[in-house]
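One chain, chain A, appears in both complexes that follow, with chain B as partner in the first and chain C in the second.
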Partner chain A sequence: MNASAFSVFAENNQWSVLWPEISLGLIALILLLLDCFLPKDKRSFVPGLAVFLQGGLFLAVSVFFIESRGMDAFYAFNGLIYMSSFGSLLRAFFLLSSLLVSYLALVYFKKQPLPRTEFFHVMLIVTAAMMLLVQSAHFVMFFVALETVTIGFYVLVAYCRTSAFSLEAGLKYLILGALSSALLLFGIVLLYGVAGNPELPAFTQDSMSFLSLQTFIENNAHNALVQLGVLLVISGVAFKIGAVPFQIWIPDVYQGAPTPVTAFLAVASKTAGFMVLLNLIQGPFASMEYLLKPLLSAVAVVTILFGNMAALSQQNLKRLMGLSGVAHAGYLLVGVVAAFHVHWAPLAVLFYLITYLLGSFAVFGVMAHVAGEQDEAQELSDYQDLAQRNTTLASVLTMGLGSLAGIPPLVGFIGKVLLFIAAFRAELYTLLGVSILGVVISIYYYFGWMREAFFRSWHAPQEAPVAAIPLSGVHVFILGLLAMLTLLLGLFQNVLGWALF
Partner chain B sequence: MILPDVLFVLFASLTLGAGLLVVLSRNTVTAALLVVLSFVGISGLFLLLDATFLAALQILVYAGAVMVLFLFIVMLLDVEKTSHILPKKVSLVLSVSALLVMVIGVTYLLMESPSLPSVDLMPLDMPDAPLGFPAHAKAFGYALFTKYLLPLQTVGFLLLMAMVGVVVLSKSTAKAPEPTSETK
Partner chain C sequence: MTSSLNAYLVVAGLLFAIGFFGVLLRRNILVIYMCLELMLTASNLALVTFSRFNNTMDGSLFVFFIITVAAAEVAVGLAIIVALYRKRHSVMSDELTSLSH
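Up next is the complex of A and B:
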C-alpha cells in the first residue's frame, strides 16, 4: 500500500471552498442545540433565527458569486467536487429557495401545531446536500448527496403526521424513491464494473469519477453494458424531475405534503435534478448522444402532453401545481436536449428555473395564506371571490400564474422564449411544436384559476359579504416583492442575463 | 477452476432464490429471516471475489445488526394477519412477461456483443494505485478518511438528520391534559 499517496489525498481536501455548505450544516446543528438547551419559553425565536442566518448566508453567497464571476473552474477534494461560478450561482439559487420555503413554513406553522425547529434542521441539511449534489463530479459524492436529499424529503413530506394524507404521501415517496435510488445505483454499479474491465480500451481504475468515465465512454459508447448503465442512471434522475414514465408519484405526494414542502419539491428538487442531468449529459455521458437524444426527446414530448392533459381536469390545486410542474419539466427537457447542440442551452434551462422559482413561490405563497387548517384540501372553489376577500393575494396569484403560463410582460415568457430559441437553434422542430401546443393547453387551467379568483361567482345583494383574509405588512411586502420581480425581470432581463451569460 | 464456478452458482442462486421468496412469502417474520439468508449468499459472493472485509461486514452489519432490528420491529408491531390484496391477473401476467422480456433481452445483448471480455478473476497487481483493490480493513480506512472524507462527513449529517426525522415523526404530538386547579 502506498501511504504517501493517501497523504496527498488528505492534503487535497480544501474544506474552505465548501464554506456555504459547511455553514448551512453548522446552522442546522446550532438550531438543534438551541432547541435542546434553551428554556421552553425562549424557543419561539429559533425559526426566526434560522431565517435570519439563511438570509445572511444568501447575501454572502451572492456577493461571493458576483466577486468570483468568471473564475476558472477547478476540481477540489481529489476530483469529488467541481467548483465553478455556475455552481456558485446554483448555491445562491438553492439558498434563495430554502429562504422562501422558510417563509412559507412560518406561515404554515401558524395554522398547524407541529414541531418547528426540526423542520428547519432537516431543510437546511437538504439544501446543503443539493449544493453538493450539483457540484459533485464523482459518483460516490453524487450518490451520498442524492440520498441525503431524498431521505430528508421522506421526513419533510410526512412531516404533518396528524394528517393521513401527509403520511400516505410520505410512504409513497419512500417506496418509489427507494425504487428510483435502486435503479440509479444499479446503473452506477454497471458503469463502475464495465469501466474497470482491463480488457476494454481506456479502462480506468477510478471508474466512479466523471472525468475518467467520460474518456471510457467515449471509447466504448456502443458497449451494451454501458448503454444499460447510462439508461438506468438517467431513469433514476428522471424520477427526481418527474418526467413521464416516472411521474406516477407526483400528484399524491404534492397533495399530501405540507405546502412549503410541496414548493421545495417543485422548485429546488426539480432544479437539482435538471442540473445533475445537464452535468451528466455534458460530462460523462456526452458521447451517448446517439442514444440519449432520441430517448430524452420522446420523454419530453410525452411529459409535456401528459402533464398538461392531466392538469386540465384537476380541482385540487396542489395536484394541479404538481401536474403542471410535470409539464414544466417537459419544457425543460427540451432545453436539455438542445444542450447537445447549443452551448448556451444549460443557461437557458437555469434561467427558466429561476422564472419558475419566482412564479411558483408567488403562487405557493398565496396558497399558504388561503389554505385552511386542512392543508391537503385546497380546492379550486376555495378561491371564489379571492379578489374581494384580499386584493393583494389575488393580484400576486395572477402575476405568479401568468408567469408560469408564459404571458408576455412577465418573466416566465422570457424563460420560455429562451428555451424555444435554443430548441430552434438545435433544429428540434417537433419538440418546439409540441412545447407550444403544451403552453396553449396550459393557459386553460392557469386562467381558469384566475377566473375563479376574479370573475366567477354572483351573489345576491342581500347576502353577507365574504370574509376578508387578513394580511399583515410583512406578508404584503414579501409577496409583493415576488410579484414585482416577475414583472421587472420580464421587462429588464439584463441583471439575470449578466449573471448567467 | 471448477470449484469457484460451482460455489458461484451456489451462492448466486441462494441470493436470488431467497430474495424471490422474500417477495413471495406471506409471513413477515419468514420474509425477514429469508433476507438474512440472501445476505449470507451475497457475503459468499464477496468471499469468492477475495473481498474478505466486505464479506465480514455483510454478515456483521446487515445479517446481524440490521436484520435483528427488523425482526424486533416486526415482532413488536405484532401485525395481525391482514387480508391479502392479490394483484389483478392482467397486471400480474403483464409484469411477469415484461420482466422475462427484459431479462432475455439484456442477456441476448450481452451475449451478442463483446461488451464483457472475460478476465481471469485474480487480484489486480497495481502498486501505484492506493485505492485499487481494497480487500483489507486498513485500505478501507485509509480511503475513507482521506479521499472520501467529504462523503463520509455528509453521511454523518445524513444519519443525524434521519434520526431527528424519526424522532419527529414517531413522537406523539397529543399533549397530555394540563392539570387544572380543581384536580389538585
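Up next is the complex of A and C:
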C-alpha cells in the first residue's frame, strides 16, 4: 500500500463524528479518577456528577439530532461506522435510558451498601458501546462493540457481590452470553471465509463489511455455508433480544440482577439487539428473506405465546417483568418481519421501544422504591395496599403498567397500533392474530398487579395500619414526569412522529 | 490446496463442536468455561485459515481482537466464579438453583 492510500485512510478517520461516545468514555474515566484520588469523605458527590454530566450530554446529543435531522448518511472510518440521523436518535435514546438507570441506581444504592462509582463507570462504557454497536457497518466493529456491551453487563448483573443471587445471575448470564457470542462469532467467521472465496461469484476482498457482504449474499443466497453463517449470527442476536429458544436466561438473570441493571437489560440491551437485527436484515442479509422471514415469523409466534403464558403464573415481579419483556420482544419481532415489506416498519419498532422505555422505567422506578433490602425477592404480595401506603407510587405504577399492556389513551397503545398496522400492511395476518391474542393474555397479569396495589385492602378493624412509603419531592417529580409522558405522548404523538418519520 | 483448507476447517469445526457440547453437557463451571474458550479458539483457527487461503488480512487482524475480548471475558468470568465460590462453596452448575420458582 502506498502513501496516498494511507492518506485516504487517515482522512476517513473522522474522530470528531464520534464525539458522544468519546465524551461518555471520558466521563467514565473522570469518575474513576475522582474515585481514586479524592479522600473518602469527599466522594459522595461523584454519582451526582455522573448524572449531571450525562444530562448535559443528553441535551447536547438531542440538540445535535434536531440540528442534523435529514442530513445525508455517510460512512466513517472506511466503512466501520455508518452515520445517519437515525443513529443520532438512537444515541439520544441510549443516553436517556442510561440517565434513567442512573436515577434508579441512586435509589437502589440508598438501600444497598455497595461501591457506587464503578457502577456508573461500567454503565457509561456500556452505553457508549451500545451507541457504537447500532452504528457499526463492519463485523469487526460489530463484534468488539457487542462484546464490550456484553462483558459490561456481566459485571453489572453480578454487581451486588454480597448477594449470592446476584452472583448466580451474573454467572448464568456469563455462560449463556459467552455461548451466544461464540455462536455469533463462528457465524461471522463462516461468512467471512465464504465471501472471500475466489471461486464464488461476486467474491470480495473486504468480506467483513456489511456493504460488500450484501452484494456477495445477493449472488450466493442459497450457498449452504452462507445459510449456516446467517443462522448463527441471527441466533447470537436473538439471545440479546431474548427470543425463544434463547430466552432461558431471562427470568433468572432479571430476578438476580440489581433492579437498575434489570431495567437497563430490559430496555437498552433489547433496543440495541433489535436495532442490530434491523441493520442486518435490511443490510447484508436482505436477500436471505426466503429463509429469515418464515424463521423469524415462527420465532415471533412462539416468543409471544411463551412470554405471555409463562408470565401468567409469576409471583416474583422481576421475573414477571422479564417474561412480559419476552412477550414484548415477540411483538417487536412482528415489526421486524414486517420490515421486509413495509419501509416504515423499523420506525414503528423504534417508536414501540420508546414507549417501552417510558412504561418500563415508570414500573421499575416504582419497584426500586417499594423494594426492601432483599432486592431479588420482590413479590406480588408486597404491593398489597400500595395505594394507601403511597398514592403517587400506585398511580405511576398504574400508568406504567397500563402503557405496557397497551391501554388507550396511554402511549403503549399507539406503539402497538403502529406495529399492528405495519403487520397488516405486510399481510402478516397470522402474526397479527397471535399478537392480539398475546396482548389480551397480557392484560390478565398486568391488571392483576394493579389490582394488588389498589383493591386488596380488606383489613380487620383492629389491625395496625400499613406503613406509608415516604417519597421526597424529587422522586415524585421524576416518576410523575414519566407517567405524564406516557399519557401526553399517547394523546399527542406529533413530537415523536416528527422525530421519527 | 483445497483439500488442506478442508482439513483445517474440519479441525476448527470439531473444536467448535467439542466446545459447544461441552458447555451443554458438563457440570463443572470451570470446565464449561474452558469449553467456551475452546469455541473462541476454534473461530480463531478458522479465521486464520480463511485469511491465509483467501489472501486477505482482515481475518488475521480480527484474531487479535478476539483474543483481547476472550481475555476480558476470562478476567470478568473468573472473578464472578471466585466470588460465587466464596459464597456457595461449589462450582457445580446443578447446585446453582436458588433463582427459580
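Points to keep in mind about this one:
Just so it is clear, the second predicted complex is superposed on the first by the 494 of 501 C-alpha atoms of A that agree within 3 Å, B and C clash if a C-alpha of one lies under 4 Å from a C-alpha of the other, contacts with A are read in each partner's own complex, and residues count from 1 in each chain.
One rule holds in what follows: contacts are C-beta pairs under 8 Å (C-beta built on N, C-alpha and C of every residue); 3 or more make two chains touch, one makes a residue touch a chain.
The model shown is predicted, which means the values in this text are computed figures rather than measured ones.
Of the two partner chains placed around the shared chain by superposition, chain B and chain C are both touched by A:Ala158. Contacts of A:Val189 after superposition on the shared chain: chain C is touched, whereas chain B is not.
Residue contacts after overlaying the shared chain place A:Val140 against chain B and chain C alike. In the superposition on chain A, A:Gln315 makes contact with chain C only, not with chain B. In the superposed model, A:Ala10 lies in contact with chain B only, and not with chain C.
Of the two partner chains placed around the shared chain by superposition, neither chain B nor chain C is touched by A:Leu479.
By the touch criterion stated above, A:Asp206 is placed in contact with chain B and with chain C alike. Within the superposed three-chain model, A:Leu418 lies out of touch with both chain B and chain C [touch as defined at top]. When the shared chain is aligned, chain C comes close enough to touch A:Ile175, but chain B does not. Judged by the document's definition of touching, chain A residues 140, 144, 147, 151, 154-155, 158, 161, 170, 197-198, 205-206 lie at the interface with chain B and also at the interface with chain C. Against chain A, in their complex, chain C makes its touches with residues 9, 16, 19-20, 23, 29, 32-33, 36, 39-40, 42-43, 46-47, 49-50, 54-56, 58-59, 61-62, 65-66, 69, 72-73, 76-77, 80-81, 83-84, 87-88, 93, 96, 98-101. Those residues of chain B that touch chain A in the complex are listed here as 106, 109-110, 112-113, 115-119, 124, 126-132, 138-139, 142-143, 145-151, 154-155, 157-158, 160-162, 164-169, 171, 173. Contact residues on chain A toward chain C in their complex (touch as defined above): 139-140, 143-144, 147, 151, 154-155, 158, 161, 164-165, 167-172, 174-175, 178-179, 182-183, 185-186, 189-190, 192-193, 196-198, 205-208, 251-252, 255-256, 314-316, 319, 376. Those residues of chain A lying in contact with chain B across their complex are 1-3, 5-7, 9-10, 13, 18, 25, 28, 32, 77-78, 80-81, 113-115, 118-119, 121-122, 125-126, 128-129, 132, 140-141, 144-145, 147-148, 151-152, 154-155, 158-159, 161-162, 170, 194, 197-200, 205-206, 222-226, 228.
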